[in-house]
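The data blocks that follow each hold one structure.
You will see two complexes here that share subunit A, one where it goes with subunit B and one where it goes with subunit C.
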Partner chain A sequence: MAPVFSTIVTRLALRLPALIGVVLVSFALTRLLPGDPAVYFAGAAPTPEAIADLRRVLLLDQPLYVQFLSYVRDLVHGNLGRSLATGQPVVQDLSSRLPATLELTLAAMTLALLIAVPLGIAGARHKGRPVDHVCRLVSTGALALPAFFTGLLLVFLFYYLLGLAPAPLGRLAPMAFPPPERTGFMIVDAALARDWSVLADAVAHLVLPAVALAMAAIGPLTRVTRGAMLGVLSSDFIRAARGYDLPRWKLVYVYALRNAMLPVLTTIGFVFSFLISANVVIEKVFSWPGIGSYALEALVASDYAAVQGFVLAVATLYVLINIAIDILYGIVDVRVRLGG
Partner chain B sequence: MAIAEALRDGFRRDPLTTATAAFLGAVCVMAVLGPMLAVHDPYTTDAARSLRPPSWSTPCGTDQVGRDICTRILYATRLDLFIAVSAVVIAMLVGSVLGSLAGYFGGWIDRLTMWLIDTIMAFPLFVLAMGIVAALGSSMENIIYATAIVNVPFYARTVRAEINQRREAGFVEAARIAGNGPFRVLIYHLFPTAIPQLAVQMTLTMGWAMLNAASLSFIGLGIRPPTPEWGIMVAEGASFIITGEWWVALFPGIALVLVVLSLNLLGDGLRDMIDARERR
Partner chain C sequence: MHRRTFLQLAGAGATSGFLTTPLLAQGASDRVLIVSEMNANSLDTHTVGANRAAYGLVWMTYDRLITFGTKTLANGVKSYDYTKLEPQLAESWEFAADNMSVTFKLRRDATFHDGTPVRAQDVKWSFDRFVKVGGFPQRQMEQGSLSSTDQFEVVDDHTFRVKFLRPDKLTMPSLAIVVPSVYNSELCKKNATASDPWALDWTKNNSAGSGAFKVESFKSSEQVVLARFDGWKGGKLPAIQRAMYRNVAAAGTRRALVEKRDADISPDLPPREIADIEASKKLKVQASPMANTLKYLALSTIIKPFDDVRVRQAIAYAIPYQKVLDSAVFGRAQPMFGAKSDTPSDASWPQPFPYSYDPDKAKALLKDAGLASGFETKLFFDAQVATTDEPAALVIQDELGKLGIKIGIEKLPDFPARRNQKAWPMAIDVFGAWFDDPDFFFRWIWHGQNAVWNLSSYKSAEMDKLLDAARQERDGAAYASLVKQFVKLAMTDVPVIPLFQPILEVVTQPDISGYTYMFHRQVDATTLVRG
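So, the complex of A and B:
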């Protein structure tokens, strides 16, 4: 276990500079607010005294490094400021809405992997045949589809024309009674409460946004799976294994796939960037009550503390995901584990 | 020129890439001549003709205030192309300078540049662009700057790798011995060798820059209605999708998808051509 542990530590250390950079950029973004932040926070009809007071409270009269240190101190204490629109601390708003976003993103990622990996493998195994053309069409085509447009097309098709999907208005039907909140994941909560009609409703509401979001991830995942499988299938050890007359499925799905998974794992980390980004527009299209639509409401209301809190929270989430993938990579890949 | 020959040869062998290049050429002509080709005015509203489905006189239908959608798509082409091209050119220039310096001099310049790049890449890029536009203020220029900033890493990395790879090559050594200073060597001898890869990178990121800018407009940042822009037009049509007026959002969306798809196909094709040339 010791090598795994040291891998984790080295990998964490490698991500540290970027994390410091993230905090610096977030700080810079809060100081770039249009106009004077004090005037902005003072409200509609500020008096000069109120502005001066606020400047003191916001430390705007202090040198930049003092402002930065106090910003970092606030971050460490989980203080991202207060939202003007909801009147709540931004951290509280974000954490109450995060499960909805996570549920949607994870569903989309699972869906994307279930489609992209088999398709990429099939494309690589039957190079130049029809399934390979489908594979290449998907990997190029999906990249050209803006998430908001895919979402709207799906709504038009499955809600308006076919009537199969519920209206794109959130996680449950308006009259449905939400299950007691335990995990914040509607599907898990409904299952835990053994409320099957709500569970069916939640799943029905999740399908379209998850498919629309998955489209953002399918392109790169298919392309990388196909490329990696092509490389592995033509490598020496697979040729040798073929010589030993191993069953074909074992060759492809055990030996080749395991090796091809490494580049795919790296891409998963990168693809989360696409997913988190597309999430914002998908939440708008489907009125999904996650942190993306929270940020958009904040944007409309010029609620900058909330917007910047969202940016920082999402960047932190993304760094954490990448650290998790780094660790997973270190565990899967023997070469990394042995420090080679 | 070797590159021109490789491209001519490549285009002859690859009809799909040739077709997409021709299509994009036509789109550029439309963007330039748009206002001359349009029959209607993109801003004239007409309540009596609101939300008309596609017909002979209005091939893409009319929107909620009776404006001709086809005309608006035509006018938007110019704006969307302008945003994507400016963002990509700025990113290319900044990325080239950073990548060249990092790749040639190494040391602390390299470490600082890589840290900057890693920091940008530590954000989900669209969300960073959102944060930048929100902080700088909602305007077209800021959409361009934000899109350029999130694209810089790709160019800086490409150029850095290209320069690093040839830093010790014979022709560079020769240029150095001939008495050229480091910047002269870098600008006149090393940087030109990175241009083919840069061109590929530009076509590949152009489509993405366009999606990024359109998504920013879609969520209400940057360009404001009634300016015709594909992202805004889709956003305006979004509420009519669930009542069945599909054409308001569909046609601008298709325009966006077609142009981005062509850019991606062209980028892939160009990359194959240039890679084939480098393998030879």
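So, the complex of A and C:
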């Protein structure tokens, strides 16, 4: 386990400059954006004095470098500042909302993989036949639908018309009691608490947003799986394996798939990052209390601390995903040596 | 685009009469679920950045010494009555003979949510607090001449005196707005720290009031669950036992929720959706004009050619008001044009201006001003309210174009922050005042003190004189006469052309009654009745 650990440390160290860059850029960008938080939060009919008061409190009357230094100083102490919109420390906001986003994203990712990988394999194995056309149709169709639209369409069909899905009001029914929080993942927490009715409620609430989000991932994943499998299936070693009369399933799912996994893994990394941004709109449609909807509101209100915190959190998440994918590379493909 | 598609589909679904199975709304006659775009971000309006939803929340969780009465509007919707002050924590009050102070007798039976009796010391602590914490609470109360802790005096446990700084008719109404709520001072002090002597960090997430509802759970900006405080003495005990306020960002989702009866009230649907909902007749739409609020076109009196009053009047005649109303808010607002006479017949505000669409008059006035061939100028508006202001701007651009006035449209994302630059020849803006007195509204827009809202940079010695006199005037008839004079002056000089008075439309389930329009524009669960 030690080499894996040292790899993680070196990778993290290598990514540090990128994170510093993110800190700088997010700080600069929020200041460059139009909008003035002091005016926004000064109330319904702000007097110039009330605005000036707020500027002082928010340090907005200080030169930019002073603001930046104080931001970095806080950052080093693990303090991301306080969100004006929610009135809470940003760290607390993000950590209470991140599990909701991760739960949704992971569910969507799992769903997308369960559909995309078999579909891609089937498409590759039966190239040019009806199943391949279905594969192409599904991937193109899923790519063509914007997440916002899919979300609303699903709500309309399954909630409004058919009444099969629960009201799009977040993770649980409005008056339900949430299980005691352990992991922040509603489904896991409900299972741990053995509260089966809440578990069912949580799953029911997760289905529609997860499907809407998965649609965004199915397209690229199917295409890449199909392409990679096509390449591998026509390669020499598979032909040789066929010559040895190995069972068909072992050939496809063990030897071929393992070799086709590399590009798929890379795509998973991409798609995961993409899903986190797609989350922003899905969370809005389903009132999902994640970090996407949080960031959107913060941006509208020029809530600097919250926006910077969100960007930093997502950047860190990307870095972690990349490291995880790197490590998976090594497991899937022995040619990619750990730490190499 | 997509949203619209969905709504058309949703509309089709609604009219097809599909049977819906309610999840929450039914069988819970003492509960309400209110879904809106904005939810409270603090449990205390004294904290920095507390939003409008927080005002509505504090209104229910805290009490004031006095409160506003209620009246019924012409369309049958109930509304707060600015002119009627009623007891809440104070059971009576008396003005001193010299009219320079007021003494409140507190009710003896009122307690905070934790059972502690409400005493005059709590009132004193709470009032000192809004003076000392600075920012919005302090600035707001300053408007009513309540700006020094020396003004507040505890006479005994149940007697409290407010000394006046100067005669100001806003002082008493100021005591009935959200800011001077009465806090449980002992509880707050227990949670205060050296760096936070007024316990603001604590009250942001904890409630310390005596109001009609207790906070059962609070997730900032996301949801609040309120439970009725059965020991409430500040008014008639609410019929609703639990009220949930829930943030639902997408308007399409909010509409689907109320149409499916999963939510009871949606207070902030866009006009387009309201029009559809009203047509389907399955839900109640409760409309009330937003008190003392106007959407208007401001013309800068310091930028040519609008320094010429004839040009401003020409513009006032060139605007197709009905078309603006229809395209901006689907006709769902109070018209502010077409008054028969250019002399106001009463002292009401807002009231229609004596202009209506008359291109010939506009042409003649422009010719008079030597601008028969037109000119070029720019029109600014706030990108955040583009759904209403953009169509309005386009209609104005189109119509003035016919008179040779070429307008470049500028949509600004940082409009509020740039108001004070006063650099816009034409701008569409909205202003709503906290107090209903006409002179209070005028002070912000027409007074020579040149507040940030005076986008016209309008300055008139006569206007200032009338407004300053009105601020002090306590005699009803004399005040009314002053109002008529300054309204007439605003009509003649037209630095600001009213486009319409926005209305607040709240969609409720048909079995919900008692909705009352409040000055803070949030839904007050205290008044709601189900069934």
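Note that in this section the second predicted complex is superposed on the first by the 272 of 340 C-alpha atoms of A that agree within 3 Å, B and C clash if a C-alpha of one lies under 4 Å from a C-alpha of the other, contacts with A are read in each partner's own complex, and residues count from 1 in each chain.
Note that in this section a contact is a pair of C-beta atoms (placed from the backbone, for glycine too) under 8 Å apart; a residue touches a chain by one contact, two chains touch by 3 or more.
Keep in mind it's a predicted model, so treat the numbers as computed, not measured.
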| item | value |
| --- | --- |
| Partner chain(s) touched by A:Val25 [first = subunit B, second = subunit C, both, neither] | first |
| Subunit B versus subunit C as contact partner of A:Pro168, first or second or both or neither | both |
| Touched partner set for A:Val9, first subunit B, second subunit C, both or neither | neither |
| Which of subunit B and subunit C A:Tyr160 touches, first, second, both or neither | both |
| Partner chain in contact with A:Pro48 - subunit B first, subunit C second, else both or neither | second |
| Touched partner set for A:Leu84, first subunit B, second subunit C, both or neither | second |
| First (subunit B), second (subunit C), both or neither touched by A:Ser277 | first |
| Subunit B versus subunit C as contact partner of A:Thr140, first or second or both or neither | first |
| Subunit B versus subunit C as contact partner of A:Val285, first or second or both or neither | both |
| Residues on subunit A lying within both footprints (that of subunit B and that of subunit C) | 33-34, 146, 148-149, 152-153, 155-156, 159-160, 167-168, 284-285, 296, 300 |
| Residue ranges of subunit A touching subunit B (in the complex, touch as defined) | 15, 17-19, 21-22, 24-26, 29-30, 32-34, 140-141, 143-149, 152-153, 155-156, 159-160, 167-168, 272-274, 276-278, 280-281, 284-285, 295-296, 299-300, 304, 307-308, 310-311, 314-315, 318-319, 322 |
| Subunit C residues touching subunit A - in the complex, by the definition given at the top | 2-3, 5-6, 9-10, 13, 18, 20-21, 23-24, 31, 33, 35, 41-42, 47-52, 134-136, 139-140, 204-205, 219-223, 242, 244, 246-250, 252-253, 256-257, 259-260, 262-263, 384, 412-414, 416-417, 420, 431-434, 444, 451-453 |
| Touching residues on subunit A, where the partner in the complex is subunit C | 33-36, 39-51, 53-54, 57, 84-88, 93, 146, 148-149, 152-153, 155-156, 159-161, 163, 166-169, 173-175, 284-287, 289, 293, 296-297, 300 |
| Interface residues, subunit B side, partner subunit A - complex | 115-116, 118-128, 130-132, 134-137, 207-208, 211, 214-215, 218-221, 231, 234-235, 237-238, 241-244, 246, 249-250, 253, 256-257, 260-261, 264-265, 268 |
